[in-house]
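First subunit A sits with subunit B, and in the next complex the same chain sits with subunit C.
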Partner chain A sequence: MLIADLDYFAHKNNPSLKPSAVVFRLVLFLITTILVLSTKSLPLLITIYGFLILVILFCKVPLRLTLFPSFLPLVFLLFFLLSFRSLNILLALTIILKALTLSLSTLVLLVFTSVYRILAVLADFLPPLLVSSLWLTYKSLFILNKNLVSLLAAWHFRGGLSIKKPLSSLKNLGFGLGFLLIKSLDMAEKEYEALMLRGYNGRIYF
Partner chain B sequence: MAESTSERIVEFSCIKHTYFDKTSISICGLHFQVIRGTKVALLGPNGCGKTTLLKHILGLIHSKEGDIKVFGVNPAKDFAKIRAKIGVVLQDVDEQLIGPTVFDDIAFNLRNLGFKEPQVREKVNKIIAEFNLLAIKDKMVYYLSGGEKKKVAIAGALVHEPELLVLDEPFENLDYLSSHQIADYLIQLNKKKKTSIVFALHDLHLLSQIADFIYFMYPGGKIGLYGPAKEVLEKVKLEDYQLEKHHI
Partner chain C sequence: MNFDFFKNNQYATLKEMSHLHIPDGVLPFYYILFSAILFFILGIAIFRKPEKNYKKLPLLGFLSALMLVTMSLEIAPILYHINLTVPAGIILGPALSFLAAFIVNLLLSLFGHGGISTIFLNSLILSLETSIAWLLFKKIFKNLPVFLRGLLTSIIVLYLGTAITFVITLQAGKRVAKNQITFDHKEELEMLSFDEKRLAFLFFGLGSVGVFLESLLSSFLLAYIAKVKSEVLD
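Let's look at the complex of A and B:
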């Protein structure tokens, strides 16, 4: 799971990041986002995108964590662009570059700053309940990821998925997804029980 | 007879719970009680209702029939009143660890109970040292191994010095040394502070070391035997219930 890999990379390389550094990064991210959203200038977008790529290359961040996943929004964007009857090439390029720059800047932020550090800073500004919800959701992704890895291993060893048997593979895939859905519901229930037993008072301390 | 005059902190006679899939578990038979300062083990084959019983004690499930009293209140209704007196470690610790780092997770109960930050730091650092968790103190909980997570969960349950500890398979995933260290810690804690412990355990070697009394549960939830640990372990035909007798 990409989010787990990003978090691990961020935590491993910056285990004791100071809050001031996190604030600086968040401000930089915010400025970039506002600039990208508000500008119509293609050269400016190219400059920001180029700068982000330079940062990635200079800091030797794995491309599989940043550049490659940043292309993911393109899939949806292409559908969006295809829905236009007549589209100016320049406008299309601007929209594409806006999406790519925003997704890349988010990934660059996450690859250098663990979500835990970001939430620790945001906890001072946002309502505690919102921060708790964000943290518990984020933490649950790691538990689900662990289950997904076990499921994939079980499929691998027990031959649950095979191109030669598409129908039975599809059936097994359905079982797997169903298992993950039930697991996540069960997990939510257990997390609630744990919060209740441990006296959760509406705030998680960072 | 000395027991009957001592303070009973947990007690019930017969409780019934029906799960959403209509599976019904009646925990009946002998009267169940935990006397203050004792270490009580639940023993029985898989699916006999040990975890269900522990969940009843914690008020996580409501009994359809029968009443359970923990510190004199029904935990399913008034758990908030007795929360500070209870420390819990459930089977799946993944969901139980809430704090972002090991330190924050252990401090979670204390902060919720309203302890001041210097007190929190002192208590958490003390238990971290006792459990040999110093090396992972600032590590994020989801990067810990299964055994480390269990140790953190146990430390988190003990840090506020509860009067009653409820442990469901506390030594699962722990290596031999860690299991024995924590077992020793629990025995000492019980001796020094009279902390009562109710636990479900499959490791009969550890069970015979820790438990003062054992309740043996038969499939279907019947509490069939109760007595001093050694006596119960001698009486019950453990091999009939897939429990490993050779561990004793």
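Let's look at the complex of A and C:
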């Protein structure tokens, strides 16, 4: 799972990152975001994107964690750009680079700063309800991903998606996901009890 | 004969959403600002008493995670990704699904999906979908059998989400074309225009296959829950 790999890389390379360093990175990320969104200059976008790639190469970050996943916004952009008549290559490049630069910058932020440390800093600024929800979602991702892998294996053993029986295949998958959802409800109840036992008062302390 | 149309790969939780997700750099700044203001106003209004939601927070966490995790289920030929917007909206209710929509979009944009500047707008669209799913399933279609209720709700909600995204993207595209012609390279770009029919085909034509598959899947899921633990849907 990409999230786990990103976090592992961030933690392995910066095991004792200071909060001030996290704040600095977040500010840098914010400035980059504003700059990319507000500019219409293609050379500036190329410079920022090139700089991010250089950082990735210089720090020997695996491309499968940063560059490759950053291409995901291209799917929507393809829809958007295909709808233009007589599209200019410079305009297309500007739109694509804006999306790719921001996508890559978030991944660069996360590959050097673990989510745990970011949340620890943001917990001082954001509403506790939001921070708690984010943390609980983040934790649950790892649990559910494991369950989903088993579920998909079971589904494949029951035939997977069959062209001859598409409805039955979807039914099997739907029932499997239903089972996962019910399991999630049970796990959520236990999680709540655990939180209460630890004296949860609306705030998670990092 | 089996075809491996659904894949679960290493990018689990991070691939394309089943609803269209507006990326960065497409929308004008005032869209971003207006959606952020609207999101904060709604957020403050909904969560005036946050302690009321403490009990459901772990559930919110698990269902948001489930929405993200199921997005790794890709229907390979059309690059469509399942999400569980409708079941999540029905179970969480409008208030908590508002927060869940934001968390899902935030985590997606943080992990390379793009859309960090459009988080608020995407969250508003997604939370509108979840709220309408709750309203349709629990109030309007409540006398219908669960499977049919789920199917109708999913189809309406998913098309609604697609339609809203279509309108926003259309406006953004027209604005991009107009701005380029007016200010930048008038001579070179005189023919530049945004084709709404082509965009409509891409959104509704290709998207319909995904909407249909996801609606069936959500309906089976809801039917299973109704069979095993019906109190969840009450």
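Simple rule for what comes next: the second predicted complex is superposed on the first by the 157 of 206 C-alpha atoms of A that agree within 3 Å, B and C clash if a C-alpha of one lies under 4 Å from a C-alpha of the other, contacts with A are read in each partner's own complex, and residues count from 1 in each chain.
We adopt the following convention: a contact is a pair of C-beta atoms (placed from the backbone, for glycine too) under 8 Å apart; a residue touches a chain by one contact, two chains touch by 3 or more.
Worth saying up front: this structure is predicted, and the values here are computed from it rather than measured.
Visitor: On the A-aligned overlay, A:Ser16 touches which partner chain: subunit B = first, subunit C = second, or both, or neither?
Guide: A:Ser16 contacts subunit B only, not subunit C.
Visitor: Which partner, subunit B or subunit C, is in contact with more residues of subunit A?
Guide: The partner that reaches more residues of subunit A in the superposed model: C.
Visitor: Could you say whether A:Pro128 touches subunit B, subunit C, both of them, or neither, answering first, second, both or neither?
Guide: A:Pro128 contacts subunit C only, not subunit B.
Visitor: After superposition on the shared chain, which partner residues are touched by A:Ser83: those of subunit B (first), subunit C (second), both, or neither?
Guide: After superposing on A, A:Ser83 lies in contact with subunit C but is clear of subunit B.
Visitor: Looking at A:Lys139, would you say it contacts subunit B, subunit C, both, or neither? Reply first, second, both or neither.
Guide: In the superposition, A:Lys139 contacts both subunit B and subunit C.
Visitor: Contacts for A:Leu72 in the overlay, against subunit B (first) and subunit C (second): which applies, first, second, both or neither?
Guide: After superposing on A, A:Leu72 lies in contact with subunit C but is clear of subunit B.
Visitor: Tell me which partner A:Leu195 touches in the superposition: subunit B (first), subunit C (second), both or neither.
Guide: both
Visitor: For A:Met187, is the partner it touches subunit B (first), subunit C (second), both, or none of the two (neither)?
Guide: After superposing on A, A:Met187 lies in contact with both subunit B and subunit C.
Visitor: When the two structures are overlaid on chain A, which partner does A:Tyr116 contact: first (subunit B), second (subunit C), both, or neither?
Guide: So A:Tyr116 only meets subunit B here.
Visitor: Of the partners subunit B and subunit C, which touch A:Leu107 in the superposed model: first, second, both, neither?
Guide: Once the two structures are laid over each other on A, A:Leu107 reaches subunit C alone.
Visitor: Where on subunit A do the contacts with subunit B and the contacts with subunit C coincide?
Guide: In subunit A, residues 135-136, 139, 143, 187, 191, 195, 200 are touched by subunit B and also by subunit C.
Visitor: Considering the complex alone, what residue numbers of subunit A touch subunit B?
Guide: Counting only subunit A, the residues touching subunit B are 8, 11, 15-16, 114, 116, 119-120, 135-136, 139, 142-143, 146, 187, 190-191, 193-201, 204-206.
Visitor: State the interface residues of subunit A toward subunit C in the complex, per the touch definition above.
Guide: Contact set of subunit A toward subunit C: 1-3, 5-6, 33, 36-38, 64, 66, 69-70, 72-73, 75-77, 79-80, 82-88, 91, 94-95, 97-99, 102-104, 106-107, 109-110, 115, 127-130, 132-141, 143-145, 148-149, 152, 159-164, 167, 170-171, 173-175, 177-182, 184-185, 187-189, 191-192, 195, 200, 202.
Visitor: Give every residue of subunit B touching subunit A within the complex, in rising order.
Guide: 58, 60, 79, 83-84, 86, 88, 90, 92, 94-96, 98-101, 104, 107-109, 111-113, 138, 140-143, 156
Visitor: With touch defined as at the start, can you tell me which subunit C residues reach subunit A in the complex?
Guide: For subunit C paired with subunit A, touching residues are 1-6, 8, 10-16, 20-26, 29, 32, 47, 50-51, 53-55, 57-66, 68-70, 72-73, 79, 84, 87, 91, 99-100, 102-103, 106-107, 109-117, 169, 172-173, 176-177, 180, 185, 188-189, 191-196, 198-199, 202-203, 213, 216-225, 228-229, 232.
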